[in-house]
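The structure follows.
The chains carry the letters A, B, C and D, assigned in the order they are written, with residues numbered from 1 in each.
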C-alpha cells in the first residue's frame, strides 16, 4: 500500500467546488506539476488558499488565468495582474490576509486550536467583522482556523512513508499546509526508500501525507 | 541641491547608519533593499527574508542561481554562511515576536501619529499586504525609507493618512531624500536636512507640521 | 475464570484488535504499553511518543541504549525506519489536531458519560496531567485499558466520576480484564465479557448500569 | 564577539528571583551541566518553567532538592517525589498545566501572539479563572503567553553564530523556549565554525541564542 501514485490519479482527488491549499511563495516551492494537471483537467469553482497567485505565466498563475478559481484567500496578488483584473471585474472573490495571520490560521487548523490572538491588523481594514480581545492592556484580533479539503505541496525529498524534506526558501507554507487538509498530496523531486531519511532530517512527518507524486524532469528549453 | 539620484543615495546611506553590528533587519523591496550595500565600514547586520531564511547574501553570480533560494520579492538570492532556513510559521514568529530589530519599508503615506499606509489605493491598486502588516507591528523599530514626494508631486508626509492603513502608530523614523524625520509623542521632528535644502523647503513638501530638534513649532 | 495475569493478557490482546494497519496510536504507560506487542498478525500501526517522535520501536538491546531516544515514560526506546522526530509543538499539534487515530490509557475512574479521571487524587497523589488531557481531547478515539477494579477492590467504572476529571465526555471504549464496554449516548454497553465471567459478575463490579448489546437495561 | 562563554559566566546571568525556562523531558534533552552550576551557585527563589522536575538524582531534580525554586510551572511532577513533598508541605508553589497548553503558551510568547484557544482542559480544574470562548459551537479556553527571563537549553550541535541542532527526543521543549526568553543560553555537545551547518539543518535560528557553553565530557563511572 504505497503512497506513491501517478499525477492523474492524485489530481482526481480534487473535485469541482473544493477548497484547496497550495504551498509556495511567488512560485518558489509551489507544486508546479500538480497545478498544471489541475489546469489541464479544468477543475472548476475552487476556493484557493495560498500566499499569492504566482507570477503571470507560471503554473500557479494559470489556476487564475484558466479560471479554475472563484474564491481566493491570499496575502499578496501584485505579481499576477490577471488576479487583480478578475477581482476588479467582479469575476473573482478575493480575501486578503496578513501573511503572519494566514500562517497562524493554517497552523491553528492543523494543531486543533480554536484560534489565535494577533496584534497584526489592529487599527486597519483587517479588523472588520472580527472579535477583539484585550490581554495585558494590549488589543488583539481573534483569528480563526483555516483548513482545506486538499493540500498541494512541493518537497525536495520524501521517503515512501511520506516523510518530507524541503529545501531552502521552498519550505515556506508547505509544512503548515500539510497539517491542515483532509487530503495531502506532495510533488517530490526525489522519492527514497523508508529508512533512508534520518528521523531528525524530516520536516513533515509522514502521517500527514496521503499521496506522493514523482516530479518529472523537464528538458530545459534552450534560449533563442 | 543634489540631483535626484544623489539624493536617493544620501537617503540610503543615512538609513544604513541606523544599525549596529548584529542587528536583525528586514528590508522591503525597492529603495530599502539598497541599504544592504550602503552599511558603514565594519557594521554587519543580519538580514531576514520573510519567505523563510536568515542571512540574506548578495545577488548570485550569473549561472549560479538556485531556484529554491529567492528573496521575498521573488528574485534569486543567496544565503550567507551562518544563515538558516525555516518555514513561514517560524519566519513570522521571528517577525511578530519582536525578534527583528528593524524593518525598513516604503510608504504611500505616513502621518504625524506614526500611521503608515502602504498596501492599497482603493479602486486602483490592491496588491495586498503580504508580510508588511506583521513586520510593521512586530519589528522593534519601523523605518520608512522613501522619496519625500510622490511621483506626481503629491504629498506623502501628512497630518493624517487618507489611504487604508498598514498599521496604526508604529512608525519610528521617516528617512526621505529631503531629510530624517523622527516620530515623537509631540509630533514629527525634522532631525536632519538633506544637503543643499532648507527647513522651509522640506516643510513646503510636507503637510504635517515639522518640529525642529528643539521641539518647538517653527514658523515657516 | 482465568487467573489475573491471563485476564490482563486477554485485555491487552483485545485492545490490540481495535486497530488497522496505518493507524497512528499513542500508548500510555503500564498496561497500554503492552498493546504494541499483542497486535494481530499483519497489522502494523504507527506509535507516537508525545515527547517528540513517531515510529516507536522495541526496547533497545542492552548496550545499545541512546540517551537521546527515550519514551514519554523516560525509558530507553528506539525509532523504527520511517520514523521521525519533532519538537513538542509539532507533537501536540499532532495530538490536539486530530492526527492521532487512538490513544490507549489507564484510568483511576471512568463514568457512563465517558468522563475520565486519571491525573490526581486530591490530598494524596498529584503527579500532574502531562500530555494526558491533550491526548484525550485530541485523539479520534479514546480507549481506556485498565483493571476493572482498583487494587483495594474499589469500583472504577462509575455513574459519575468523583475525582478531578482529565477530560469531559471523551472516552469511547473501556477495555478491562472483565470485558469490553462501549460508551454510547444511551449509556455503557457491555459488548464482550472476559472468558469465564457472566454479565452479572461484571455488573457486580461496576457502579454504572451496564446495557446489553441489544441496548436494553438488564435486570441484574 | 563570540557567543561561546564559560559555564560560570553563563550562569552569572541568572539572578535570584528570576523566572527561568529549562528544556528537557524527564531528563532527556535537559541542560544538565548548566543546571548543576545553578545549584552549585545556589541561585535562589527562582520560578521554574519546565515540562517536569526530572528523576530524583538527576541535574534537573537537584534544582528542587537544593531549594533553588519557590515557584514551579510544569506538566508532570510524578518522577521526582521531592517536588510532591515540597508542594504538599506548602514549601513550593506548583502550577500544573497540560503539556500541549504549556507548549503553545511558550510558543505564543515567542511568536508575539496574545494567546491561543485550546479545547484541552474544558470541563476540568484547568478551566479555573480562565476566559472561555465559543468558536463554531465548540468551547475553548483562552490560554495566555508564558515567557521567562532566561532559558537554559540543551543542543547536540551549534555553530558559533548560535544556530542549534537537536537530536531525537532531546529536542522537545528546547526550540520553543529558545524563542520566549530575554536571555537564551544553550549547553552544546559540539560547537562548530560558522558555515559548517547547512541552513536546512538548523532547528533554532542563531538570532535567538545569546550564549553557548561547551558541554564537558564526563568520565562514565564503571558499574560495581
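Everything below uses one rule, namely that contacts are C-beta pairs under 8 Å (C-beta built on N, C-alpha and C of every residue); 3 or more make two chains touch, one makes a residue touch a chain.
Everything numeric here is computed off the predicted structure, so don't read it as measured data.
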Chain-contact steps, minimal, separating subunit D from subunit A: 1
Furthest chain, CA centroid comparison against subunit D: B
Interchain centroid distance [CA atoms averaged], subunit B/subunit D, Å: 36
Whole-Å gap separating subunit C and subunit D, where each centre is the average of the chain's CA atoms: 29
Rounded Å distance between subunit B and subunit C, as computed from the means of their C-alpha atoms: 56
Junction residues of subunit A - those touching two or more other chains: 104, 107, 111-113, 118-119, 166-168, 171, 199-200
Subunit B, residues touching no fewer than two other chains: 53, 79, 85-86, 89, 92, 95-96, 137-138
All chain pairs that touch each other: A-B, A-C, A-D, B-D, C-D
Complex contact set, residues of subunit C against subunit A: 21-22, 24, 46, 53-55, 79, 81-86, 89-90, 92-99, 137-138
Interface residues, subunit A side, partner subunit B - complex: 25-29, 51-52, 55, 74-79, 84, 87, 94, 96, 98-101, 103-104, 107, 118-126, 156, 166-176, 203
Interfacial residue positions of subunit A with respect to subunit C in the complex: 1, 107, 109-113, 159, 161, 163, 179, 194-195, 197, 199-200, 202, 205-208
Contact set on subunit B toward subunit A in their complex: 49-53, 66-74, 77, 79, 85-89, 91-92, 95-96, 115, 126-134, 137-138, 164-169
Parts of subunit A lying in touch with subunit D, wherever the complex brings them together: 104, 108, 111-119, 133, 135-136, 138, 140, 142, 144, 165-168, 171, 199-201
